[in-house]
Amino acid sequence: MNLEGIITALVTPFDEKGKIVESSLRKLCKFQLNKQVNGLLILGTTGEGISLNLEERKLVAEIVVDELKGKLPIMVHVGSSNINEVFSLAKHAVDIGADSITSITPYFFKMSDKEIFDFYLELSKNVPNDYPVYLYNFPTATGNDITPEVIKKLIEETNNILGIKYSSDNMMRIQEYLKLQNPNFKVFTGADQLFYPMLCLGCDGLVSGNANIFPELFVTVFKSFKKNDHKTAKLFHQYGNEIAKLFKYGNIPAIKAGMKLREIDGGYVRRPFRNLCEEEKNKLQKEFSLIFDQILNLKPLE
Amino acid sequence: MNLEGIITALVTPFDEKGKIVESSLRKLCKFQLNKQVNGLLILGTTGEGISLNLEERKLVAEIVVDELKGKLPIMVHVGSSNINEVFSLAKHAVDIGADSITSITPYFFKMSDKEIFDFYLELSKNVPNDYPVYLYNFPTATGNDITPEVIKKLIEETNNILGIKYSSDNMMRIQEYLKLQNPNFKVFTGADQLFYPMLCLGCDGLVSGNANIFPELFVTVFKSFKKNDHKTAKLFHQYGNEIAKLFKYGNIPAIKAGMKLREIDGGYVRRPFRNLCEEEKNKLQKEFSLIFDQILNLKPLE
Amino acid sequence: MNLEGIITALVTPFDEKGKIVESSLRKLCKFQLNKQVNGLLILGTTGEGISLNLEERKLVAEIVVDELKGKLPIMVHVGSSNINEVFSLAKHAVDIGADSITSITPYFFKMSDKEIFDFYLELSKNVPNDYPVYLYNFPTATGNDITPEVIKKLIEETNNILGIKYSSDNMMRIQEYLKLQNPNFKVFTGADQLFYPMLCLGCDGLVSGNANIFPELFVTVFKSFKKNDHKTAKLFHQYGNEIAKLFKYGNIPAIKAGMKLREIDGGYVRRPFRNLCEEEKNKLQKEFSLIFDQILNLKPLE
Amino acid sequence: MNLEGIITALVTPFDEKGKIVESSLRKLCKFQLNKQVNGLLILGTTGEGISLNLEERKLVAEIVVDELKGKLPIMVHVGSSNINEVFSLAKHAVDIGADSITSITPYFFKMSDKEIFDFYLELSKNVPNDYPVYLYNFPTATGNDITPEVIKKLIEETNNILGIKYSSDNMMRIQEYLKLQNPNFKVFTGADQLFYPMLCLGCDGLVSGNANIFPELFVTVFKSFKKNDHKTAKLFHQYGNEIAKLFKYGNIPAIKAGMKLREIDGGYVRRPFRNLCEEEKNKLQKEFSLIFDQILNLKPLE
């Protein structure tokens, strides 16, 4: 698997009581496949993975793999505050035939570099030697940060750590990551609003929550960039920023409400999140339509 | 229960493989009872609660309640990233006869004030109307902060939210909390190093991880303060700061290593934490002995 | 001079065009003397010192020293971004008989510890060997921070560095400063809202901008504390917090507007500050009267 | 003047006692002219402008304008904590025929948006209606930040505010500035390390302290980008980052030491800065030579 491009951080659709809605989930998979994204990350931050229990997480992974196996690369997020659960989920992802796993760093507790290194080393060894593992660094959410030194050592001592998702607007740090890049180590940004400049610097792709709503936008940025059409890439990047601002930078209840505007069903959010009220939804709908029409009038949209 | 004074944030003793060691846990309970602390918080940050699964958390709570019921107030931490688990643990704490529960705010995800309010309101309603619930605010670990306005509204709309543990060195904010204080709302600091000045400002007590090692120190600060003996309170507060510096401000592997120096067994830490190596332990032992001897030579130690 | 207690950070009264108003300045001096504060800091942050040119700064110092010499200790702030100007102002303060000088760290440029040390060492040597020099640390305004290690070395290598004013709410750091304290090194806080707990920890006093408006409040906290009357000290500290909130934590235009409410004339602010508009002043007056009446009804006010 | 491209933030050469060295200053001007930069910013942060007195600042401006008038656009930094001095320096720049002025926001004191707006409005009105004025935003040094809303209002209400220099790595904020961009409002970044991605997003150029040492590097990035040669632009951008790391991100004593390695004389730094010691210089020389040789071996260097 040579992963690059747009990876949608898929939402998990729940009913009003918080139960997973399999039919909606399958439809979301079809929608994304149809929109030609390059992969899916399931059960990550946008997927509310850490709000679910072990069985629910396994169920989501099974449904998505069943729906898309062989059609679209699936990356399963296995991070948890309970490390035994991380390994259990990793094993499950391998068993059901998901294409790769990723795990957020340990969170809540402040970790040393050594502890972060040990965590990923152990994770790497809990799956087959050639099974792809991605790091996931989101310092403002976890309080922990993966340094380039730690990554360098992980690349040296393992065979299957193939990349990182970095959710931050720290452009200095990501340039350090990019120096570690090679055919076997990919750097994905998680910041929609920095996607085009990140591509210019050499990033391999974007993991995006807003791509649940508007995958075409990001796909167009990526395809245009690859064709060396900087003008189009920049234009659609700017529209991506308008979308990002509208959805308050990855706010999950807003994303789920936004999906309805595209006639797909992201369902309800799970506690402790709060679903948008009618007034908020109406405001969003109006603002979204405005941008949406502008974008659809642009030619190069794919 | 009129909770005030020193509440030890009890560590959870694990064996080398991460299994709970019941016998050690019971001994720790006896040690704390013997040292005349005013209560125990179990399965909190220092107790590595969120690293355990549901069954393990229930087991720890059952052992401690069995050991200390009627002898020392037990507060059970029920926070989790899975909200269903929070409610399940809360119900369990009530059922086994623990004296109160506390829960950290939702973490990892960024929450709105409304979502934080809703979370605690629902928690409050999931236990009996007169069962004590404490808020737990640790903004640097969770990324979320409980505002005084949210607390005010919670006090108005519930009957059983009786106080807050605030783990931060923000002295401005805690002074705002203290304005909400009344016979039915208590403010506990989680910052050993601000304990004495916090008492002066009106705090009801301290929830301390370092009290696993040296409860006498904090008990003496509190008792001296209550007798209006500011000189002694300040002196022992300063020694508390030396201890805090030694144990790197609540670092759990260091606390567990430190406990051995007092001939009690905190056991191993659970992944993703790393146990101190022999060299680190020896260094700590030497430094600890130095301070320990100084403190033991002081008269008013209780 | 054994400086301790309440040091008012005196405002500098300007007319509408920014010219120093000598008559108002002399009246402010008399007001402060009458209210029994323990000293004045002139031309500091609240005094808008760095907004003035060399001649204006010398003029203010001369007026105040002429008015109060022998009656109230005068500390002259000599900090500037032009280091030659710092030394020139220091020499002038000595020449006119001011009691001591202080200087903010270099600001705007990021300094190394060595550069901060060198700066104060050179300042210390530019005045007589027995002339009192105070450090002034205000990290959020300057971007630079004086570490305890730098202070320790300065105390060792000089004879006349007698203390520090620390404008910050970092209670951990000030406790480190307090460990350096001795009969010849004083620690003053610049945070009104932490004054009482700072006194409990051992601080020598407060340098306060709000004392321009309400010196009695802070004088009462200090005198009560010295008489071991913690109850009164705490009560007036809490009123001090209400005042601080009202004047937005040391906002200079608000302080000057507030002074009018006490029938003293702090004059206009100098550019780039903006004077409060009538509406803002009226709002302030109403809120101030409310608190003022409450405080005047309290008995122990001096 | 249609300013764009590389603007070197010229150092000011001092002798060991802090006196301006005219002959060195003239040589630096010739060096920069020769290297085909697009303009000079004098007396800015790197030029140690705020460490000088009024007469010294005027002298530097006069020398540079005399040397380069008509050959290279000169922007004079007139910012100061004394606002009268700002206006006096602005008038002087106009009088001697400098091409434009810029001023840092007020610093040290915390300013409101209204105060920042008023400051630049007044500055704009203190020079002829068609004389170019540039904003200069460096939030980490000043504690103040120019919001897009303030800029928008300034553009509406003035005729001669032509652009902004933004010294920060906040890529979100600069994208908001870029939305205000038009033929008459230019956006320059002050962050060498973000220069190439900033160009991709639409920035007009770079104001660089490291261009004192290695102007060719940045000139090549800019020229390549203009020719749509992204590959070369990115390559030289990456070398720029190596240089930036070497000179510790714009550290002035290091820049001045570094200039000697290119056989130009930046002179000594002024207090409170500390000149590099011999050991530090030797280390720098060794590291610099290594990168320098690599870069000179690259073909497209201009």
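Should a chain be cited, it is by its letter among A, B, C and D, assigned in written order, with residues numbered from 1 in that chain.
We take it that a residue touches a chain if its C-beta (ideal position, glycine included) is under 8 Å from a C-beta of that chain, and two chains touch if they have at least 3 such contacts.
Keep in mind that this is a model prediction, so the values were computed, not measured.
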| remark: Taking shared numbers over all numbers used, above half giving same and below half different, the chain A and chain D interface sides are same
| field | Separation of mean Cα positions, chain D and chain B [Å, integer] | value | 52
| note | Distance in whole angstrom between the CA centres of chain B and chain C is 39
| request: With chain centres taken as the means of their Cα atoms, state the distance from chain A to chain B in Å. | output: 36
| request: Please list all residues of chain B that touch 2 or more other chains. | output: none
| In graph terms, with chains as vertices and touches as edges, which category applies: line, ring, star, complete, or other? | ring
| field | For the chain C and chain D complex, residues of the former touching the latter | value | 18, 45, 50-53, 80-85, 106-112, 114-116, 118-119, 122, 140-143, 252, 270-274
| note | Per the touch rule above, chain D residues touching chain A in the complex are 169-172, 175, 193-194, 196-198, 200-202, 228, 230, 234, 241
